[in-house]
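First subunit A sits with subunit B, and in the next complex the same chain sits with subunit C.
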Partner chain A sequence: MTGFLQAVAYGLLQGGLLALVAVGFSLVWGVMNVVNLSHGAFVVLGAYVGLLVNQRLGLDPFLGMFVAAVALFALGYVVQRFVINLVVNGPIFITLLLTFGLELLLTQGMNIAFTANYQGIQTTYAGTSFAVAGVQIPVGRLLAFVLSVVVTVALVAVMNRTRVGMSIMATGMDRGAARLMGIRARHVYALTFGIAAGLAGMAGTMIGMVGTFNPASAGGFTLLSFVIAVLGGLGNMYGALAGGMLIGLVQALGGYFLSGTWVNALAFLVLILVLMFRPSGLVGKAFYSARLEV
Partner chain B sequence: MAAEQLRYRPTVRTATPWALGVLLVAAALALQTQLYTGQARTVTAIFMYVALALSWNLIGGYTGYASFGQVVFFGIGGYFTAVAMTHLGWSFWVALVASGLFAACYGALVGIPLLRLRGHYFAIATLGMAEGTREIVTNLPELTGGGGGITLPTVGAAATTPYLGNDGFYVLFLALAAIALLVTGVISRSKFGFALRAIHQDEDAAAAIGINTTRTKVVTFALSGFLAGMVGSAYAFQQVTIYPERLFDVEITVLMVVMVVIGGSGTVIGPVIGAVALQFVSEWLRQNYTDIHTLLLGGIIILAVILLPQGLANYVREARRTGEYSLLANVRRYRL
Partner chain C sequence: MRQVLEVHNLSARYGRVEVLWEVDLFVGSKEIVSLVGPNGAGKTSLLRALSGMASSSADVMSFRGKDLRGLSIEQIVDVGIAHVPEGRRLFPGLTVRDNLRLGGWRTHNQDVSRVVELFPKLGQRINQVCGTMSGGEQQMVAIGRGLMGEPDLIMIDELSMGLAPVVVEEIIDVLPDIAASGTSVLLVEQDVDAALTTAERAYVLETGRVVMSGQAGELLADPRIQQAYLGIG
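Moving on to the complex of A and B:
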């Protein structure tokens, strides 16, 4: 029973972190109808930025993640403004291919700059844990989980209550109408992608703190983001949180009950089942479905 | 009767593409005598990608369903051959056709639920399907050897078919590419091909004019699975030992998509051009810039997608019709 509870606890904590990985992906897909295959590469890049400022400047990952967020926001803004915006109205495999090319560039660039070795951000507290009713709670994962939830809630507040957030949502709902209202769609798209990349960078630093990573981890994060975004409904940020927890739980319990690498197939099984029976996601409706093509 | 005669009257215009196809195959056979062993292997790989790109083109190019799990047919075909030759003692030639049929059945089976999805959802559901299938293959070690791989019997008493060697595989992959080209050529001009284009442009409208869209899509998916399955089968025999990571590698799917998009999706010759060009460039980069060739490949993909989003074959066709040769006009087309 304790083993089961331990798996549940681990799954929920991991799920919160996965939600932060996926929330930006979901936002970009929901607002721009772009499936960003380079999202995982941004996550890993964030981890490397966090690692660098930790090693060179001795910055704690919880401060380093803001450096990673700002750096990746800038990179993401430039990439969307000057590259992805050029093809954003094309057929789906055009944007898929472009972002795949970007993923190759980023991961191979990181391979050359940081080697393919697994690395982690070392802290004094991340490895320690305390027990609640026999269940071990690792401190690092708990902090990362709390941060993920706080950031997601803050993101929802920004989206719903600030001018910038509302212009992003408006552009996602109807780009033509938004432009008629004087919203600069190119700038808003770049902002959206920048925010997504910044959040990916934050998540990456957290992942680097609680575990290890290398450039080849990027693809796995992209796939998980995809599953979580679909589960939660596109552009639905609380949905991403729920989807992340669900996937974290499914993976942890799968690892507890199943042998071998069957657990890897579980996320995809969940994905295909959801796509077939509830394509608009588990939580409410995807707002993208209401969008008009302009 | 009159209509029948009209349809089958060959003219220079309609016969030229077929003659070109035959010439291409003949040229490829003639080329074989001029190549060193290493070069012949590279060209064999090009033929393999030509066949794979053509198989993706049927479902992704003509029908507009961007399958990001196309490699599943390649992998399943390869593993069916491996299992049939190792455990059942089948001859390779029987296994080759059977692998294609098995992959086609698999395509129809998963296609029935998955082809209800559209756009990104279809793309990712197929991606998940391919990854899931890989895990299933990995987790059946008694049958497939699991992650440790499986070795086909090619030498000694267990060998059911003598190993083909470099020359044999050159001809085999050329034949597979030629079959894929022929199938695409026939479909492209048939009523079936126009049904696929109709589904691509507007699926509801296609259904309204009496096309059974579900059946058409499933048949196309199965057919593209058949072609890719046979290629996978030949690849497994060529490699002798196969692993799930390689046979179900997402990168193979992506290469197919890149080749079709660069060459021109929904055309017969586009995937051929794309596959030859990309494999050639990729091989050249690998030899001259070993450390950064994947990086450069990523850059080339980005540039190609921005400058030639409709692909070379479609670009030339449109440019000749409209007289607009500027690549910047391409950029204007899809930008925000």
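Moving on to the complex of A and C:
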């Protein structure tokens, strides 16, 4: 029984972190209809930024993640503004191809810059744990989980309450109509992509703190983001949180009951089951319900 | 009368297909001007050319002395032209209030009271999600959203499309108030009778060209208009 509860606790904590990995991916897909295959590479790049500022400047990952967020935001903004915007109105195949190319570029670049060795961000507290009713709660993962929930809630607040958020939502619903309101769609797209990359950077630093990573981890994060975003409902940030938790749980319980190789198959099985009964994802409709182009 | 919008020799195209030829047009300050004509005459295309949604070329296309040629959609909004597009294009998942606030996005105008004054019905439905409202109410939101940016000219495409005549009348009755308060109106309308009764002047478009223009009253009395559009004669 304790083993089962341990798996549940681990799954929920891991799921919160996965939600932070996926929320930006979901945002970009929902607002721009771009499936960003380089998202996982942004996550890993964020982990390396966190690692570098930790090793060189001695910054704690909870400070380093802000450096990663700012650096990745800037990179994301520039990539969208000057590269993806060129083809953002094209067929989805073109943006897939472009972001796939970007992923190759980034992961191979990281291979050259940082080698393919597994690395981790060392802290004094992340490896410690405390017990609640016989269940071990790892401190690092708990902190990362809390951060993920706080960031997701904050992101929803920004989307619903602020001027920038309103412009992002409006552009996602109907780009042409948003432009008729005077909203700079190209800038909003770049901002959205930048925010997504910044969140990926934060998530990456957390992942580097609770585990290990190398450039080849990028593909796995993209895949998980894809599953979680579709599970939750595209562009729905609470949906990403729910989807992340579900996948975290499924993976942990799958690992508890079955042999390790089944874990990824289970994630997709859950995806298929949810989509059979709720085609719009776990959390109702995505925040946009219609998409029109000029 | 002072002209706000002035257009000489405007042509517009979609890709390689030319849809407007040699259009001359002006709209005065506080004036209501109608564009009428059959389906496919180019009325919507003309509005789209003016708001930058369709590519066009012209000898003169200026608004309050500012050259509009080559400006983007957003820049044209900035000079003070609001476009209520065909099909209304509201943000369907958002409330009336949020739609109106987005209309005031450029000017940071969050005050919906003037729009509610013009369309009291919207006051009762301010927190309703737009996608669930009737066509007439949606058209009110669309026009209200256009006015939130405090434009000097509002261009309304197919105001009456899909609406009951009594609703159309209710909305059209507000246009003189809008014009009097300083926002000129350029109205595209299929209902020629309603368009010419409301407007001071009108242009008749056919197959991409202006074929007639003048005072609305004179056009309404013109036998060609009566025969072609009003079923009289």
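Here are some notes:
Rule of thumb we're sticking to: the second predicted complex is superposed on the first by the 285 of 294 C-alpha atoms of A that agree within 3 Å, B and C clash if a C-alpha of one lies under 4 Å from a C-alpha of the other, contacts with A are read in each partner's own complex, and residues count from 1 in each chain.
What we mean here is this: contacts are C-beta pairs under 8 Å (C-beta built on N, C-alpha and C of every residue); 3 or more make two chains touch, one makes a residue touch a chain.
This one's a predicted model, so the numbers in the text were calculated from it and none came from an experiment.
In the superposition on chain A, contact is made by A:Ile183 with subunit C only, not with subunit B.
Once the two complexes are laid over each other on the shared chain, residue contacts for A:Gly90 go to subunit B alone; subunit C is not touched.
Touch criterion met: A:Met173 reaches subunit C, while subunit B stays clear of it.
Residue by residue along subunit A, subunit B and subunit C are tallied for touches, and B comes out ahead.
When the two structures are aligned on the shared chain, A:Glu103 is found in touch with subunit B, with no touch to subunit C. Applying the stated contact rule after C-alpha superposition, one finds that A:Gly219 touches subunit B and leaves subunit C untouched.
Judged by the document's definition of touching, subunit A residues 185 lie at the interface with subunit B and also at the interface with subunit C.
For subunit C in complex with subunit A, the residues that touch the partner chain are 51, 53, 72-74, 77-78, 82-83, 85, 89-94, 98, 101-103, 105-106, 108, 131, 145, 149. Residues of subunit A touching subunit C in their complex: 163, 166-167, 169-170, 173-174, 176-185, 285, 287-290, 292, 294. If you check the complex, the residues on subunit A that touch subunit B are 29, 33, 35, 83, 85-94, 96-98, 100-105, 108-109, 112, 185-186, 189, 219, 223, 226-227, 230, 260-262, 264-265, 267-269, 271-272, 275-276, 279. Listed in rising order, the residues of subunit B touching subunit A in the complex are 60, 64, 66, 68, 113-114, 116-117, 119-121, 123-125, 127-129, 131-132, 135-136, 138-139, 147, 250, 254, 257-258, 261, 265, 291-292, 294-295, 297-302, 305-306, 309, 331, 333-336.
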